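Here come two complexes built around chain A, the first alongside chain B, the second alongside chain C.
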Partner chain A sequence: MEQRYFEDVEPGDEFSLPWRPDRAQVVAFRAAGNPETAERPDRFTDDEAAKQIGMPKAIVPGAFALCMATRVVTDWMGAYGTLHSIDVDFRRPMLHEDALNILALVTDTLEDGGRPTVKLDVYFENERGERPVQGTALVELPRKL
Partner chain B sequence: MTTEQAPVFEYDASAIGVEVEVGSAEILPDRVAQYLVATGETNPLYTDEAAAAAGPHGGLTVPPGILQTLSIAGGPTAKVKFGNTAFHSGQRMEVLGQIRPGDTIHVSSDVKEVYAKTGRTGTMVFEVRRNRFRNQHGDVVAVSEQAMVHRQTAPREA
Partner chain C sequence: MARHASVCSHPTDSGQDTTITTSPSADGLWYLDLHSHSTDASDDAGGTVEGYAKWIVARRKRGYHIDGFVLTEHRQYDPATEYSALSEQYGVTILRGAEVETDIGHVLVYGITPEFVRGFDLKSVALPYVDVFKAARETGGFAVAAHAGRPRIGLAEHVDTRGVAVEGIVTAIEQLNGGSSNEENGRGQELADRFGLKCVGGSDAHFVSAIGRCLTAFRRPIISVEELVQELTHGEYHPVTVEQTLEAGATSGEVRG
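And now, the complex of A and B:
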């Protein structure tokens, strides 16, 4: 895993991860919390249940999207980076099998109380040209010695 | 001249800021494995015992996102009465410490706030619930906030 250093980061830097969520991933995600209810048919696992609330097919839990955004940021920062916070707003539903791209954009680098801190925008894009998820993250990176 | 009217909604204000213990969960290895599969995590801090031992935390840690999977039922609610539909509109996580495999996480929750916003598409009422996650040593390892939005949607035509 590559280590990211504060000195090497500039506003405008961008990175991304493609993601095609499916039912198996959603079930595994839910099983991490409660294996007994992971496969329960509902809007997150069952197309018919999702259609009953007006969705074309099963949708991805919002908490799962937060966790994927977290993964993208923590992969980028490296082992000695620290994720302080991350937040996301859910603008549109994400459907199973959507071709998503999770993107992060450095918006600022600053000394926050002497801590080398990076602000990021994080957002998801789908194949319909929408941004179903938008948010921000705050990361502290090590300095080069 | 028109006067803008404040949206009318009801909620239980006595629930605001009242922290309630809602349960605990052990971070079991098989649950961690499920999480790593779901998210495709390959970070050696979470997956490689030797690499993690040589890293900044001196051993394996668990992605903080696993806290988002914990079933937290029966927590406090402000019982918002507004509109005919509610959905999850946002999630925030502040990471304050490391989570280790085998940790026991105790969860307490409160309703942080209830507020209304009126925009192009009408009025929405937000209820923000805050969860604090403490480990078996009493350290707060994370705080998360979950926003639910209540709104009125037009009835569908048959």
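And now, the complex of A and C:
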């Protein structure tokens, strides 16, 4: 993992991770919490169950999306960065097999009480031109010595 | 084409003078984002007004042309709020309107007067749309059907499924909305074509990096809400994506799908 330094970051910097979630990934994610119910057929694993609540097919759990967004940010900041907060809104469902891109954009750099801090927007885009999940993150980065 | 800074001084909607230092776009158009929300008044927003202004400055450095934005907070309008200091500090036009909720979906209102506010409970989620459009017009403002192609909260679905009236009531729609899918924006275009409606663009930004993603291109500079209403009512304008404001392609008025 590459280390990111405060001096190297400026507003407008962008990084991303493509992601095509599928049933196997969703089941693996749920199994980390409770292996016994990971494959239970519901809106997250079963297309028919999802259709019963008005979705076109099975959807990605919000917690999974948040974890993926967090991963994008923490991979970018490096081992000596500190993620102070991440907060997302779920505006549209993300479906299994969606061609997603998880993006993070540096929107500001500031000295927050003497701490070198970076504000980021984090969001998902899909092939339909939608941003189904969007939010913000606050990261503290080390300075170069 | 080289850019030349120009300075405009006008009264803002709060009555205070403000000075905006800006640069004309290569194509001479004035690009405003007509739909945005901030942490100041919209509980689902994560972007601050200053964050938006900073982001626009950063976008300009990368060749995009964004002259300013209009805050259209959800279901409210506080006449005491004004952003002239931020506007001057960053050289970004910052105006205010509101996004209200009606029986045909959401409606953006610009040029809100005390008379307009007295006529409605802005917190209502089912205002009568005919009255909203009429009152906006009669009190010196201008109303636009927001994200017109969006299910439930956009005008097109109400026209298609309930046959609500458009002619003589609605004159403009937000055809290009940054929160809508390509298909939904296409549906807005179909509605505009069918009824001969004027079209605007707005990002519907709730977070910093979305501001200016979709814009409206005007033929004249706008730094006051009075000028905005004047141009929306009588001027020429069209929606554009931010990519279309890059200097190389700023003459294009086509909306990408």
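In the analysis below, the second predicted complex is superposed on the first by the 145 of 145 C-alpha atoms of A that agree within 3 Å, B and C clash if a C-alpha of one lies under 4 Å from a C-alpha of the other, contacts with A are read in each partner's own complex, and residues count from 1 in each chain.
The rule is simple: contacts are C-beta pairs under 8 Å (C-beta built on N, C-alpha and C of every residue); 3 or more make two chains touch, one makes a residue touch a chain.
Predicted, not measured: the structure shown is a model, and the values here were computed from it.
Asker: Who does A:A32 touch here: chain B (first), chain C (second), both, or neither?
Answerer: Touch partner of A:A32: chain B, not chain C.
Asker: Just chain B (first), just chain C (second), both, or neither: which does A:A63 touch?
Answerer: first
Asker: Tell me which of chain B and chain C touches more residues of chain A.
Answerer: Comparing chain B with chain C, the partner touching more chain A residues is B.
Asker: With both complexes superposed on chain A, which partner does A:R128 reach: first (chain B), second (chain C), both or neither?
Answerer: So A:R128 only meets chain C here.
Asker: Touch check for A:M1: first (chain B), second (chain C), both, or neither?
Answerer: The answer is first: A:M1 touches chain B but not chain C.
Asker: Between chain B (first) and chain C (second), which, if any, makes contact with A:A99: first, second, both or neither?
Answerer: In the superposed model, A:A99 contacts neither chain B nor chain C.
Asker: May I ask you to decide whether A:D89 touches chain B, chain C, both, or neither, giving the answer as first, second, both or neither?
Answerer: Touch status of A:D89: both partners.
Asker: Where does A:T74 make contact in the superposed view: on chain B (first), on chain C (second), on both, or on neither?
Answerer: first
Asker: Under the contact definition given at the top, report the residues of chain A touching chain B in one complex and chain C in the other.
Answerer: 87, 89, 135.
Asker: Write out the stretch or stretches of chain B touching chain A in their complex.
Answerer: Residue list for chain B touching chain A: 25, 30-32, 34-35, 37-41, 43-45, 55-56, 63-66, 68-71, 87-95, 145, 156.
Asker: Please output the residues of chain A touching chain B within their complex, sorted ascending.
Answerer: 1, 25-26, 28-35, 37, 54, 62-64, 66-68, 70-71, 74-75, 79-80, 82-90, 135
Asker: List the residues on chain C that touch chain A in their complex, please.
Answerer: 44, 46-47, 51, 54-55, 58-59, 61-62, 179-183, 185, 206-210
Asker: Considering only the defined contacts, which chain A positions touch chain C in the complex?
Answerer: Residues 11-12, 87, 89, 91, 105, 107-108, 119, 121, 123, 128-131, 134-136 of chain A touch chain C in their complex.
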